[in-house]
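First chain A sits with chain B, and in the next complex the same chain sits with chain C.
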Partner chain A sequence: MLLETRGLSKNYGAVVALSSGDLSVQAGEIHALMGANGAGKSTLVKLLTGDVTPNAGVILLDGREVRFPSPASARKAGLASVYQDVSLVPLLTIVQNLRLTGTTMEAIRPWLEELELEDVDLTELARDLPTPTLHLLDLAQALASMPRVLILDEVTATLPADLSERVFRVARRWRSEGRSVVVISHRMTEVKALCDRATVLRDGATVGVVDLESSGQEEIVSLMLGPEAASVVVSEGSVADREKVSKVDRRPAVEVRGLRSGILQDVSFTLQRGEVLGIVALEGQGQADLFECLSGNRRPAAGEILVEGKARRFRHPHDAIGAGLVLVPADRALALLRQRSVLENIALPMVNRLRNWGLINSGSERRRVKSAIDRLEIDTRAQSRVMRLSGGNQQKVTIARWLATGFMTLLCFDPTRGIDIRTKEQIYKVLRELAASGSAVLLFTSEMPEIQLACDRALVMYGGRVVAELSAHDATEAALLRAAHGLGRAAAAEAAS
Partner chain B sequence: MSTQAVGMRGGRWAAFQRQLQDRPSLVLVGVLLFLVLLIGIARPGTIGGTWVANTILFAAPLGIVAAGQTLVMLTAGIDLSVAAVMTAAAYVAASQSYFGSIRAVILALAVGLVVGLLNGLGVAIFRVQPLIMTLGTGLVISGSLLVYSLQVSHQGPPAVPDIVRYVGSGKLLGSIPVSALLWGAIAVIVIIGLRQTGFGRLVYAVGDNPTAVRLAGVRGWLVLLVTYVLCGFFSAVAGLVLVGAINAADLSLGDVYLLPSVAAVVIGGTSIYGGNGGYAGSLVGALILSVLSSLFTLLDAPDPLKQILYGAIVVLLAAVYVRTAGDTG
Partner chain C sequence: MSAAATAGRPPGGPRFGRLLRRNAWTLGTYALFVAVMIFTISIHPDYGPFEVQSLVVGALPLAFAAVAQTCVVLGGGIDLSIGAMMAVANVLAARYMLGHDFQTALLISVAVLFGGTLAGALNGLIALRTKVPDIVVTLAMSFVWGGVALLILPKPGGGAPDKFGELASGSLFTPWIPNGILLLVGVVALVWIPLRFRGLGLALYAIGSDRTAAFRRGVRVGPTRVFSDALGGFLAACGGLALLMSTGIGSPLAGTIYTLSGVSAIVLGGVSLAGGRGGVTGPIVAAFVLTLVPADLILSGTDPNLGQVIQGVLIVLVVMAGGLAPLLRRRAPRTTDETGVAAA
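On to the complex of A and B.
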């Protein structure tokens, strides 16, 4: 056994992040680490990379007990990790960043080639390069130290499919050379295709190790969710309760006409009350600009936005929120007050008007916040500071905020990125309920199967324009992919049929 | 067995850390009582009603200016013009006393509001770094005050208005300092304001994450503007209380309060990065600093030693906070 952990545990104050982490990784294996948000995956990785030290338990490398008091010691022992968030300093050039970590050009060059990054100008500032490129540079840097165990923590969560494939290629090469890879991913298909075995964590403890060759997806999901929750494993369609929706009076909630901003080119569409409208696009096709304009965070260069039939000009998110358009942004870090409590985070928009600057009615505030927490089933054991919540619970807080405050149109930008399947289901369910009760939901998602699960219809954007509109029935992954790559409307329809 | 013992100690240390995080003021009160105890041991018979009243009287200007500084630091800013505002407010009140006490006090407070407004406009609208902005206005105020003092010199020496003297050094029922009551009232308003009002929430929120505040539809600039105006106002009040206690206005009256105003807030557990802390801590921080200098005076410590110990203790207390109240997630 190359790497083994036994009974690793870690708690932060009263909150137990990991109670019994057991993991064993063989040489020449790609091993998946799976579990719902808050199951303890990230904590286990942090222990392996020396970011934090365990309260109990041992780490064995080649059968010998090792201790990692610092990240440097873990790297020296041959464990390197790449995270979902880029770890390059934005205001340094890539060359300077490499020097910072002591990576030589000779060591990294083969990996730049392997990852097809030869054309990247390494004298550019990190902040001037596109995020996906930075992810790959991060990976190349980790590879340059030739780690015996490479840990990929949600690396592909924000990568487009073609770049993800390059990451997988490297992982397979690592395996063929007798080294090991530990992969953390919420994408089941990705894990099935890439990995040999999977260790499943639930509520801070290892609950099983499965052979991915022989076992099915259901087995893993039920391990992840636990016996009591296994029955809620949702198959396609059971989330979308379309019967109810048809009862809602279908009036336009938001009409967008000839919108231009950034790379947006003349975008027009209508969002009806009572529907979840999906937006599908590859990275950087104008979807971000669209959401920025609709949420009042940016003024469009041309075109108009009509809310309930009236043209509106948003100069600040305050105006959009006043008109009933509220945003759940892609990056939770943008929306949350890390050091403040769950209550203060959820109640934040309630004090966004001058007339609410006075004394707070704690009773009614607590009631509204509690009903939002209950509706989204937020785990509030660590509620005194939002940063202590797991990623999925943090995401739920950003949505709960608007449930508590009230809105007409919910703009969700990739709300299920990097969160586990149970939380995803809960979010889809809430989105469907919102639509059923007469709200409108605009949902951009980078995971195309979500469209058929949660949406009534989908718009596909390419090059700053809406290039296709598909009903939920026609919006298969294949049809969406074709359209998203700019293959014509006719071709997309053909693929769907 | 040994691992278990280590575990126990870890548990207790963790519990202590949590206490420090959740109730920083309680731990600080412990430090304060310890210092008082030291004085009691070093000079038996010193501690008594009069000593307590005088210590609070001495701490009141610092405590009041720290109220404004706390608000500003919670928004991740800093106000380096507080000392200049204290001096200016005190001097204006004293030099205008010939035209009536009320008018003098109103003009003095107006100085604080105007400087606060300038700071607020610079920081909130023009996005000047708070450090630079307030350093600049501080210099402008000091210079303007010098010019002003030459202009009014023909009126004769400045005299502190009676009402200001009463607030600064008067005592109710023979022993309760009026300034302590004023400080207490301000403390209650600031503490409740921060915890229980929408504005208080936003002060924390702006310091924690300005982007989140914007996305929630809050006009963050307005929150900053009001915060700096309040800080200017509290500084002016502190200047009046100080000049009332000393009963003589000069052009460097408030200078010694600049760094203690920041130190009291930091010792009190408010993060200089904003978003975390509160006034209860700053209040005890101001008392600790006052008791500390009272202790040095009683011990007849030479000035250089006083400075060294004062600085070292401030750094030590701040370091304890960084270790405990910092990012544990």
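On to the complex of A and C.
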């Protein structure tokens, strides 16, 4: 066994992040680490890379016990990690970042070529480069140290499909050279295609090791969710009960006409009440600009936004919220007051709305917040500070705040990025319910299979334009992918049929 | 890179343009200094060596305080005890140098500089060990050192040999270049140039920019923090000695104003208070600007009390102008930022 951990545990005060982390990775395998949000995957990785030190347990490398007081010591021992959040120093150039780790240009050059990064200007500040590029640079740098175990923590969550493929290529090459890769990913298909075995964590403990060759998706899911929760999860498709929707009066909630801003070029579409409209696009095709304009974060250069038939100009997110358009951004940290409690976070927009600037009616506030929490099944054990919640629960809080406040149109920008299956299901269920009760939902997601799960219709954006519109029935992953790569409406329709 | 990004660049190649953009603030500080200097000469036509000398002697303590604060702030910290440490260095030197010759004075200076370094390191160690924020630790230490200064020398007094004062006010070569400027350049070059081109300097900028990322890159965050605080203490002690050179006596309260005026100088000099960004020449030039402006006001017959107001307005205006540049860049269409790799 190349790498083994036994009974690793870590707690932060009273909160136990990992209680019993067991992992064994053989030489020459790609090993997946799976589990719901808050199961302890990231903590295990941080312990393996010396980011934090364990409270108990041992790490064995080649059967010998090792200790990693810092990431530098782990790297020296042959464990290198690419983290979920970019770990390049933003105000230094890439060259300077490489010098910090003692990576020579000779060592990294072949990996820059392998990852097709030859054209990136390494004298740019890290801050000035796009996130996907930084992730790949981080990977190239990890590879340059020739680690025996390469750890990829949700690297593909922020990467578009074509860049993810470059990462997989490198991982397979690593395996063929007799080295090992540990992959953390929520994308089941990705894991099935890439990995050999999977270790599943639940509630901070290892609950099983699965051979991916011989076992099915269901086995992993049931391990991840535990015996009692597994029965709750329903098979794909049943999330959307689309028959009910047609009862709702179909009036346009938001109409966008000829919108231009950033790279958006003449975007027009109508979002109906009672529908979930999906937006599909590769990284950077204008979807971010679209959501910024709709949520009042940015003033469009041209075009108009009609809400309930009336043209509106949003000068500030407050205006958009007042018109009933509310945003759930991808970056949870952007939406939440990390130091404050769950209650305060959910009640914030409600309080802001009060005409009366007097005392806050804490009784009614508490009731509305409570019902939102119940509806989304938010785990509130660590509720005194939102930053202590797991990623999935934080995302639920950003949605819950709008449930408690009330809105007409929910704008969700990749709300399920890096979130486990169960939470995803819950979020999609809530989105469907909202649509059924007459609200409109605009949903951008980077995970294309989810369009058919949650949406009634999907628009595909490419190069700042809407290039295709597909019904939920036609929006198969293949059809969406083709359209998202700009392969034309006809081609997309053909792929769907 | 798309065509739109390259089109917006000034002539002279992308590298030159980027160099200009990254150092825009420092260059702006130089321009401000030149403008203030031109104004000074215009209202004071017979500006000569004596005026240059008094400017340098007056600006020297502030310049050292600013460089001290720069070292700490670049590493992502803040030191509110710099003025108080200057005061202690000042009264210690004044008390023990009184009546001694130049050689002894130099020995005492070395001891004082050593003590300053230790005091700075102590700030860093306390903040690191107790996990109390450095702003709180150094605020508390500023009271401690302020009290110590009063214990050493309850009222202004002491002194230093004349030759010691000439380290700042004399002139070795021409009267147009007072020794003070050589001293300042010498000390800063001695400390800064080796730092800038070594791993330690890089580590300092790295922890100021993003502590977690720096840790993951393999930077030893704790020792680097203590080092930056110790460097700040060393330069604060330099400032205390410079104060003695310029006034000739020790004063337990004279140092305290330099904490906040030092912060003003680094803000004016383009050092980001969030850490990780800026250099050392900007704050030095800014220290000269901040010394020159009140002098000009007296020369032009303005009420000296108005000087404070004008200084404050100046700082706000400069920082506003500095904040404008990135804003203008953001307004421009940002095609490259989002598409980067896909386009490349």
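Annotations for the structure displayed:
One rule holds in what follows: the second predicted complex is superposed on the first by the 491 of 497 C-alpha atoms of A that agree within 3 Å, B and C clash if a C-alpha of one lies under 4 Å from a C-alpha of the other, contacts with A are read in each partner's own complex, and residues count from 1 in each chain.
In this section, a residue touches a chain if its C-beta (ideal position, glycine included) is under 8 Å from a C-beta of that chain, and two chains touch if they have at least 3 such contacts.
This is a predicted model, so every value here is computed, not measured.
Bringing the complexes onto one copy of chain A puts chain B in a clash with chain C. Look at A:R388: by the touch rule set out above, it reaches chain B but stays clear of chain C. When the two complexes are overlaid on their common chain A, residue A:R99 makes contact with chain C while staying clear of chain B.
When the shared chain is aligned, chain B comes close enough to touch A:R340, but chain C does not. Using the contact criterion defined above for the overlaid structures, shared-chain residue A:H316 touches chain B, although it does not reach chain C. Shared-chain residue A:N297: touches chain B; no touch with chain C. In the superposition on chain A, A:P160 makes contact with chain C only, while chain B stays out of contact range. Only one of the chain C stretches 37-45, 145-153 or 163-171 carries C-alpha atoms that clash with chain B in the superposed arrangement, namely 145-153.
On the chain B side of its complex with chain A, the touching residues are 3, 7, 10, 14, 17-18, 22, 196-199, 201-202, 204-205, 208-209, 211-219, 222, 271, 275-276, 327-329. Across the complex, chain C is touched by residues 49, 51, 70-72, 75, 83, 86-92, 96-97, 99-102, 117, 119-121, 123, 125, 128-130, 132-133, 136, 160, 162-163, 262-263, 282-284, 288 of chain A. Residue ranges on chain A touching chain B, taken from their complex, read 12-14, 55-56, 295, 297, 316-318, 320-322, 327, 329, 334-340, 344, 347-352, 354, 356-360, 362, 384-385, 387-388, 401.
Of all the residues in chain C, the ones that touch chain A in their complex are 1, 15, 22, 199, 202-203, 205-206, 208-210, 212-220, 276-277, 333-342, 344.
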